[in-house]
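One chain, chain A, links the two complexes that follow: it is found with chain B in the first and with chain C in the second.
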Partner chain A sequence: MTALLAVRDLDVRYGGAQRLAVRELEFTLDPGEVLGVVGESGSGKTTLGLALLGLLPEGATATGSVSFDGVELLGATEKRLRPLRGTQLSTIMQNAATALNPCFTIGSQMTALLRRHRKMSRSAARAETVDWLRKVGIPSPETRLRAYPHQLSGGMNQRVVIAMALALNPKLVVADEPTSALDVTVQAAVLRLLRTLIDDSASAMVLITHDLGVVAQLCSKVIVMNGGAVVERGPVAELMTKPKDAYTKRLLASLPARRAEVTA
Partner chain B sequence: MTLPDLTPSADTAGGPPPRRGISLRMLAHNKSLTAGAILIFVVLAVGILIPLLKPGQATALHPNASLASPGGSYLIGADQFGRDLLTRVAQGYRISLAVSAGSVALALILGIPIGLVAATGSPLLGGIIMRLLDVLMAFPALLLAIVVVAIFGPGTLVLLLAIGIVYTPIVARVMRAAALETSRDSFVDAARARGASYWRLVFRHIVPNSMGPVIVQASILMGVSVLLEAALSFIGLGVQPPTPSLGLMLSTGRDFMSSSPWVVADPGIAILIMVVGFTLVGDGLRDWLDPRKRAIAR
Partner chain C sequence: MTEPLLTVTNLRKEFHRTGAPHVVAVRDVSLTVNVGQTVAVVGESGSGKSTLGRMILGLAPPTSGTIRFDGQEITQLTGRARRALSRDIQVIFQDPYASLNPRQRVEDTIREPLDIHRVGTPDERRDRVTELMERVALPARYRRVYPHELSGGLRQRVGIATALALRPKVIVADEPVSALDVSVQAQILDLLAELQRETSVAFLFISHDLGVVHQISDRVAVLCQGELLEEGPVETVYSAPQHPYTKALLTAIPPADPSVAFEPITIGESRPLPENDPGCRFRQRCWLAEDICFTANPELTLRPSGVSARCHVSERAPEHWFTEATPARVGES
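This part shows the complex of A and B:
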């Protein structure tokens, strides 16, 4: 019994707040699995993501256990976490427009990442970057290398962010609303891309979203959060067809009818 | 974005391949930056060229041309010793530029690291640094400069150091505020999540994205330090005679103000041009570096 990620009794509280932002959270994740975390804004799902990455803001306290590949992440020092970050543990940020450094071209950001972690030569890193940009569906990647983030559309930036998150072949990716900032059509394309990449790399992913449609497309199992606690959990198909909790039923009911049929 | 098309390249922005984001056309849209740049260019041209054309004239005495009115060989007049005011103003510009550029450079060299440490270090350390800077800033700039001069004695280099020290807390504050704001951006978190080290976060992600306000502040400080230099020289604590300085010229010309107004008007106007120039450049840079306004100008 060696799950890739095992979360036990996770409580997170923001400094001074009465209520816990995340309460008694438990789940495990095996390699290759995609876990959906659903809930409305304020349900604690983003906080959970930050806790998994060790990126909780100062003043937030977390108790319990987050064990990743045998390493306890909660309370680990930056020094301990750094070797894991990027290569083992990666993230896709919510808003692609702000997830890239506006001062550097996407090519320089991505080659820097490859060179730093993989000790690649400049030209090898460049070639790898071009490969990745092509893989995430960016046309003429050789010229796009020289583009700054503000010169690309939201969908393109999101693809770059995804490429950077996956380029080092991490074991776990925490994706917080990876498609929410995109328009619906682009969303579908990006989701399919994520699916393919995850299948190819056998990475595990925690996908945080408020959109059950996205969950249906990508995840194998799902937990539903409300007020910081898990109200329901289970395999996606089961939860979609036979929701037990009242809150899950309300979430499902709020889906547009057509989409609900497709996923059923 | 046009009609849906679910191929992976549906979100491709068409058009030519991207170029660097800065163009001369954008500069031309920015009126205050252009106007300020022209004024500063004039100041530089006068400061560099005039003393070359008339070597030695700034301090050469011509008793029979005492208080000569503007015109003829004395384009903007002469002072009580018959020294050519144009060359003196030009020399004064050199001193002013050297002192203001030097002091602002000093303030940047000291202030940027202090501000960065205050923003990215532990909150306790940051708090201590900022309170110390608050104490320094509680003194009026002129008073603080006078204290420094009183300790080290008057002179051009001391003047430069004094003004630099006075401005260090200002630069540090602006740097800290900008760095704090940038460090909340999600690309900084993203870089941390990809395993970037502290130094990398600071120098590759935070600093380049926080320099805008610091650059603007620096150019405004350039203007203010011209005034401070003039003020200190005026009260005799700055540049020492016979070196020409705009503030010193105002001070010694005072006595002849009613009979020969050009003796004080010349350095006064010279200071005005320089200060307005730097302030306009600062204003223009602020607009130019503001991404929201930049998007419109594009």
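This part shows the complex of A and C:
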């Protein structure tokens, strides 16, 4: 079986910068797999996500290969990428408040997405939107359709963003810090939701995060990045219990003694 | 027993808005901080934890209640008298990118409090800056550098050196490590603990991160919608919380070990209750709520374990309220 996503020898450089932002990156992802990309600020993890999505800013140069379902994404034109976006390849951004358009209701944003890609009738798109909002745990979805993003909490907006990312049943979702902006109680609920949705769909996911707890809960395998390069990779259970690389060890040792497993 | 260093009694802050009901950001909160102690204030966004810190710093006037510091009531102090207090009460802010003057060199930033309070001679001030930079492990080569040339961790060290310059007795630290990477976070927490051992400075440590709080604090106070729901020694609160909200917060941290089951108690999102509501502030999100929780707000009572909590259910069975209760997951409704 060929991999859904195969990244080979990927280098990314911003403008005339000396250092590569991403260096000699290689990995493959099969359908249904969740890959965690862990690293601190400046490690290149977000740049990697942008490269996968074809969203690198102008002035950034990428070499190597990102092959998605047989299509080479590096250097692909907008025209080539557009039909893939949403239906094949989608994204969950960190900040729901900026990912949503403040001028339109969440209902109109989501029905527009469905109508554009699926050529649905207005009423069918509306019905499906309501279904999705219910699925991601938004109470009374029929009324929330008419809400603008500023009328919803950060957690609710993030649920809408997740619904929009998954609504077209994409083959790959790139999620960049999907729960980092949320309160811990809301994060817990959104993590559970993401886990259920991933289990129920055949989508693969690249989950970019600095939070090793999030990785432990959602990912099957993980790569650790430092200074643009992969320093360690492996199945999540193995990497987190028996890290080999010095940097991974340091990262794990930095975690505050977490006592989530309190027994009352 | 001698008086605590800092005593906050029934402190309240209301924000009044035109054409909308007023907001009670901090609801008659009482707590104390002793010399050399770290007291953490935890809560979600909107819980009032930062407002509490701002009132103690004199940055927001309380609506009612009192703040006593070092034997003196400071609630109403203004002007010169209040400024003199900043020798003893200092602050470390969350965002080292926003809280440093971008046009001031590192040494000038650290020196500024010494200049304002006219501490020592110019030579002595310069020596004190050297000493402070050493103390927070800022290499001397950064003396004449501007903040934009520094990483987040180094900037936060500048912030800490500045806060320490006047040898304060208490530092209000509002999310001092949440903008930092996890490995840098660990270094800064170690530095704060070390400074406390040496100087006996007390910290009021405001944070949303229960892992960080566990590492650094002696006592912890849990705020929700401005109300103090639980307070006590950190180990006791973490091992046997007396409030369902604290319990839910503790289970919400995803364990960084895939073999440990992650079973958060889902409590939905914070929604403010109307001001005249007589019941418990947490009951809409509580999976244990009973009839009485809708009609009477529980008092903060001291439990046998030494923890104070505000909950009817756990008050009745403080030893085994959680194991006896069957937590039905409450949804997002």
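Here is the rule we go by: the second predicted complex is superposed on the first by the 257 of 264 C-alpha atoms of A that agree within 3 Å, B and C clash if a C-alpha of one lies under 4 Å from a C-alpha of the other, contacts with A are read in each partner's own complex, and residues count from 1 in each chain.
Throughout what follows, a residue touches a chain if its C-beta (ideal position, glycine included) is under 8 Å from a C-beta of that chain, and two chains touch if they have at least 3 such contacts.
Since we're looking at a predicted model, the values are computed, not measured.
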More chain A residues in contact [chain B versus chain C]: B
Partner chain(s) touched by A:Thr63 [first = chain B, second = chain C, both, neither]: neither
Touching partner for A:Arg146 - first (chain B), second (chain C), both, neither: first
First, second, both or neither for A:Ser41, with chain B first and chain C second: second
Contacts of A:Ser121 with chain B and chain C, given as first, second, both or neither: neither
Partner chain(s) touched by A:Leu251 [first = chain B, second = chain C, both, neither]: second
Touching partner for A:Ala216 - first (chain B), second (chain C), both, neither: second
Contacts of A:Asn169 with chain B and chain C, given as first, second, both or neither: neither
Which superposed partner A:Leu191 touches (first chain B, second chain C, both, neither): second
Which superposed partner A:Asp183 touches (first chain B, second chain C, both, neither): both
Common interface positions of chain A, toward chain B and toward chain C: 137-139, 153-156, 183-186, 188-189, 192
Residues of chain C touching chain A in the complex: 44-45, 152, 181-186, 189, 208-212, 214-215, 238-241, 247-260, 262, 264, 266-270, 322-323, 331-333
Contacting residues of chain B [partner chain A, same complex]: 1, 4-13, 17-18, 20-21, 123, 185-187, 189-198, 204-205, 208-209, 291
Touch list for chain A against partner chain C, complex: 40-41, 137-139, 153-156, 183-189, 191-192, 210-217, 236-237, 240-241, 250-264
Residues on chain A engaged by chain B in the complex (per definition of touch): 53, 55, 58, 78, 82-87, 89-91, 93-95, 98-104, 112-113, 116-117, 136-140, 143-144, 146-148, 150-156, 161, 164-165, 168, 182-186, 188-189, 192-193
